[in-house]
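Input: structures, listed below.
Two complexes, one shared chain (chain A), two partners (chain B, chain C).
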Partner chain A sequence: MTTKTWSVPYGWLLLAPAAILLVGFTHYPAAATLVHSLFSTGTAVRPSRFVGLANYAALADDPVFWQVLGNNFWFALGTIPTSIALALLMAIWVNGRLPARALVRMSYFTPTVLPMIAVANLWLYFYTPQIGLLDKLTALFGAGSHNWLGDPHTVMGCLIAMTLWKEAGFFMIFYLAALQSLPPELEEAARVEGASRWYFFRRVTFPLLMPTTLFVLVNATINSFKLVDHLFILTKGGPDNASNLLLYYIYQVAFSFFDTSYASTLTVVLLLLLGAFAILQFQLIEKRVHYR
Partner chain B sequence: MNILEKAAAWLLALLWLLPLLYATWAAFHPPAYATHLDALAPLTLANFEKAWSYAPFPRHLLNTVILVTMVLSAQLVLCTLAGFAFARFEFAGREIAFALVLLQLMIMPEVLIVENYLSMSRLGLVDSILGIGLPYMASAFGIFLLRQTFKTIPRELEEAARVEGCSWLVPLARPTYLAYALVSVSYHWNNFLWPLVVTNSVNTRPLTVGLAIFGAPESGVDWSVISAGTLMAVAPLLLAFLLFQRQFMQSFMQAGIK
Partner chain C sequence: MKKLLAAIFIGFLTAVSPAQAVELTFYYPIAVGGPLTKVVDNLVAGFQKEHPDVRINAVYAGNYDDARIKALAALRAGQPAQMSVLFSIDLYELLEQDAILPFDDVAGTPADKAWLKSFYPALMANGTYKGKVYGIPFQRSTIVMYWNKEAFKEAGLDPEKPPATWNEMAQMAAKLVKKDASGNVSRWGVMVPSTGYAYWMFQAFARENGQDLMNREGNRTNFAHPDVVGALQYWVDLGNKSKVMPEGTVEWGTLRQSFTEGKTAIMWHTTGNLTAVKDTARFPFGVAMLPASKQRGSPTGGGNWYLFKKSTPAERKAALEFIKWVTAPERTAEWSIATGYVGTRPDAYETPKLKEYVSGFPQAAVARDQLKFATAELSTFQTGRVRKALDDAIQAALTGGKSPADALKAAQQESERLLKPYR
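After this line comes the complex of A and B, so read on.
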């Protein structure tokens, strides 16, 4: 066909507008981040110069960086397994014979469509000392007032609880779809065999849902590194960096401390982490194809 | 499912609605009743009036609507062209180009705030709505989704309707477009970090950024007014969700699985 010879320029022509923007705002900045991490931050008196790996040495010596990375780890550990368990429970409930099922499903999913900033506004009030709902609840048990977000020991727990609320309903829909695709004969057969519901779940449903669990796991991990909007309202990373996360720290270094080279160095770390998760994700997707 | 489990499911649903219900209570009652749940408390719209006058909500709302519309229209055009190229044309470097496109699924623009801010200041687009939207217009997710959809449409249909160009493909892919549009609008209605970085005036700030400034504890605005402002900011999307629940959930799922 004659179109074949025309295809080369046509293909690229159609692609060109998207390609220009993608290169301009994804590939170029990613490469520039790497380059800038090898230079010092220029000032009015001292222009930027090549410093090799000096920024990375500074990174290794920066206690805040390690604290932030640790926080990210605890944040991930606190949110991921629990939100997976909650999502699975929600999906099983909503998939079962439950009166007012649509209403329950809607309630679980609603937080997903809210912006994180609005969620933080709503939850800030729960955590406010004395007048907040949480303090009122603990007061019922005779406990005194507590500055939940101002205490390094409780601040992370507060953020984790809020994130669970925000994310569980989103992960629920993946489990729900997976549950609905399971053949109903399995459950009938189990009933005939007299297997208990818990046994059936543990030995049949849960293993069959494994691909979904792995998928949700990787997505939840990526989210735990991307999600920082709430910090702007609730804690600003405080007290004393106790709730600071990597992306928020990058924002602070770049736009409050104006150290763009160090911010680039931190961004390289974040890109490496996200890259590692992406590779994991691609491998999982390939595995899922093999299952079929 | 026994009665205990049903009760637990309902209780969890109630717990999940609680923050919104509580904000609704506070927003529609005088501040004195914000923490004092009294069935006889008088209803009022004063908190909404205050929120409306404290912060330039109409302007933020307008900015968000412009942003969301602009981004979606550009995405629909750019992603259709690119998705069509990947699905229907054979050209040198296609596979590599596609892999490079998919890279954006992993490196979202909000991770590259530092460099993208520098680029925007070089382009003179800092503090403009175009500056907020530009990095998102070529969406890898959109390109991927449309490529998959175009590939499932049999080529015979294409041969029959070749004269009409690619305009015939678009109606066949309507469900994909709808799902993509819902996800895109929700995403950009709620997006915060990049808009915060790249804007610095009322004339460009979208709702989320306006809400963050207005709702920050140091702003000193009381809880009832913040609740009213928050509800106003989320109301359009929330109402859309309540009306088209199934469509929303399906679209979000498609977006997640990719």
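After this line comes the complex of A and C, so read on.
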């Protein structure tokens, strides 16, 4: 009797620490953002008032919003598949027997350890016309100087290349851990059966790595929306928004324009997008993921 | 033992003794090269030596945007900051947030009133609204032209004669372009930065072509005027037509290195970089006023002192005392020498220190002499959005996405929409 009456509050008490943190720092801000997006931005002179969906109508009419959304799409497409493929390749490479393996693993992982701002400052000088490393390299082959970050056609490629360099090492660690947990008997059995290495990879290793791939895919997707630190240093979203990404635009609207309501509206869109991605990924890919 | 106790007691007494100690906090940004936090710390220490009853916390807050965000966030969170150095063009935003108060309200004595009038008028334009002074000039700059004398000599130009007009600059720049054997450019004629502060550079072109970009009330802009379009056309043509500047945008942050590495013979940059260029350039260089089209011209820029409303009368008085102290001719001279920023008042140039510095390094006086052609920096209500509309237009034109006329027309439309409610 006593245990039964006490079990309910006891359960809640056990749940409380995590629940309070989750509600206070995740759910409440998300809900507050949604509410805030329905009001106009107030200043000391003009108080905030309810405007319904007006902010969303403004959003639909905002050409910069559509442009940064498109940019984000290309940025995601450029970074996610390539960084996953690179990470897998690197993991298989450093999983094998090779001299100075620890050193190779460490050097692949180093970019991950560096803060994004430091990385961006490094790459700013790689990309600087004439005095930058990239131009010095292309000059060896007789090519002229190119204004890498100042040209709307190349700026996104530059950002993608830098992000790949930064991210692939991080994902490699997960693949490496997964590869090392694969039982060696499988490979022995495959060798006895005469399977080629490619066949073994395609039919055994890769399917067994599926849980890791899902995890990495989710993370890579989130990162492609979340990582904007480098824009502060490299381009500030320019030229003419050619490298502007959704989160950086939110920052500009919130802290440069001080339009917190419109920033909330953009944030709601970002939340919805990421939520939809997460659901899609878990639903679709879970069917092909083998959990042992 | 008794002695020790007494010593502790006395130590305790002195620690709390200035009974009515006023504590002040201010935020300040740094947007140019060099170890300036140290200079600011020294200023604060110097003031406290003379005023032991005032405690001052100087908080370095990143660039201008960061400083404004931090100062406003601190005010909203109820953390005290009685004054700050913020962007001179944040005026309308700060007014809209009801965060600042005019110096006229605190500066009561005739001496104070005279102090308000002791600065260069061009530097007061961005800090004055409806006849009241809200911003006292501190780290202020204008755009100046740096030129590499060695490159001029090499190109057969007189190294002591910088271009004085737009035509001259285009012609000289064409001679200054250097190509290697395979036809690639190894040195450009001129570079004008167009990331970060594109609107600011553009204001110089527009002013030189006879136009100011906004009105005094901060609620109208003038982006689509034919002369403004002409100004952007000239800038675009430097890259696309006469090929004396790289096509596309030129990065603000790395331009100084490009100049000191000899990759461009001329650059337009803030005078705030003067000391850093002086320290790193390994060739003789000159500093000149920007060239003229219809007239000379440059916007002013940089940071002003603001007083915050959320403060007690005693704090306001102490804050005013500090700002007066820090902007006194002597300190202004020291600050100008340490940074390259303009001395904000004529009498600073009469101090022995700055006189001596200018006679040994005449480049330091160029920004001052240019002040008589200077105009206020672009600042309106909704200033962040209006500025971005103009920035985007400039970058679109420079990268060939739009013609200067179309780009500026779009920016003007956007600014009309934004500013209508403020008329």
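Throughout what follows, the second predicted complex is superposed on the first by the 246 of 292 C-alpha atoms of A that agree within 3 Å, B and C clash if a C-alpha of one lies under 4 Å from a C-alpha of the other, contacts with A are read in each partner's own complex, and residues count from 1 in each chain.
Everything that follows uses one rule, which is that contacts are C-beta pairs under 8 Å (C-beta built on N, C-alpha and C of every residue); 3 or more make two chains touch, one makes a residue touch a chain.
Values in this document were obtained by computation on a predicted structure and should not be read as measured data.
In the superposition on chain A, contact of A:S48 is made with neither chain B nor chain C. Once the two structures are overlaid, the count of chain A residues touched is higher for B than for its counterpart among chain B and chain C. When both complexes are overlaid on chain A, the residue A:A242 reaches chain C alone and has no touch with chain B. Applying the stated contact rule after C-alpha superposition, one finds that A:Q252 touches chain C and leaves chain B untouched. Legend: residue contacts after superposition of the two complexes on their common chain; A:L274 is shown touching chain B, with no touch to chain C.
In the superposition on chain A, contact of A:Q180 is made with neither chain B nor chain C. Of the two partner chains placed by superposition, only chain C is touched by A:S145; chain B is not. Looking at the shared chain after the overlay, A:Q283 reaches neither chain B nor chain C. By the touch criterion defined above, A:A19 reaches chain B but does not reach chain C. Of the two partner chains placed by superposition, only chain B is touched by A:P115; chain C is not.
The interface of chain A with chain B overlaps its interface with chain C at residues 124-125, 131, 233, 255. Considering their complex, residues 1, 5-6, 8-10, 12-14, 16-17, 19-20, 22-23, 26, 35, 77-79, 81-82, 84-86, 89-92, 94, 97, 100-101, 103-119, 134-135, 137-138, 140, 143, 186, 189-193, 196-197, 207-208, 211-212, 215-217, 223, 226-227, 229-230, 233-234, 237-238, 241-242, 245, 248-249, 252-253, 256-257 of chain B touch chain A. Remark: chain A residues 43-45, 64, 124-125, 128-131, 139, 142-145, 147, 149-152, 233, 235-236, 238-242, 252, 255-259 touch chain C in the complex.
Taken in their complex, chain A has these residues touching chain B: 4, 7-8, 10-12, 14-15, 17-22, 24-30, 32-33, 36, 90, 93-94, 96-100, 102-126, 131, 133, 136, 165, 169-170, 173-174, 177, 215, 219, 226, 228-229, 232-233, 247, 250-251, 254-255, 260, 263-264, 267, 270-271, 274-275, 277-278.
If you check the complex, the residues on chain C that touch chain A are 65, 69, 93, 96-99, 182-186, 194-196, 198, 246-251, 253-254, 257-258, 261, 263, 382, 384-385, 388, 391-393, 395-396, 398-399, 401.
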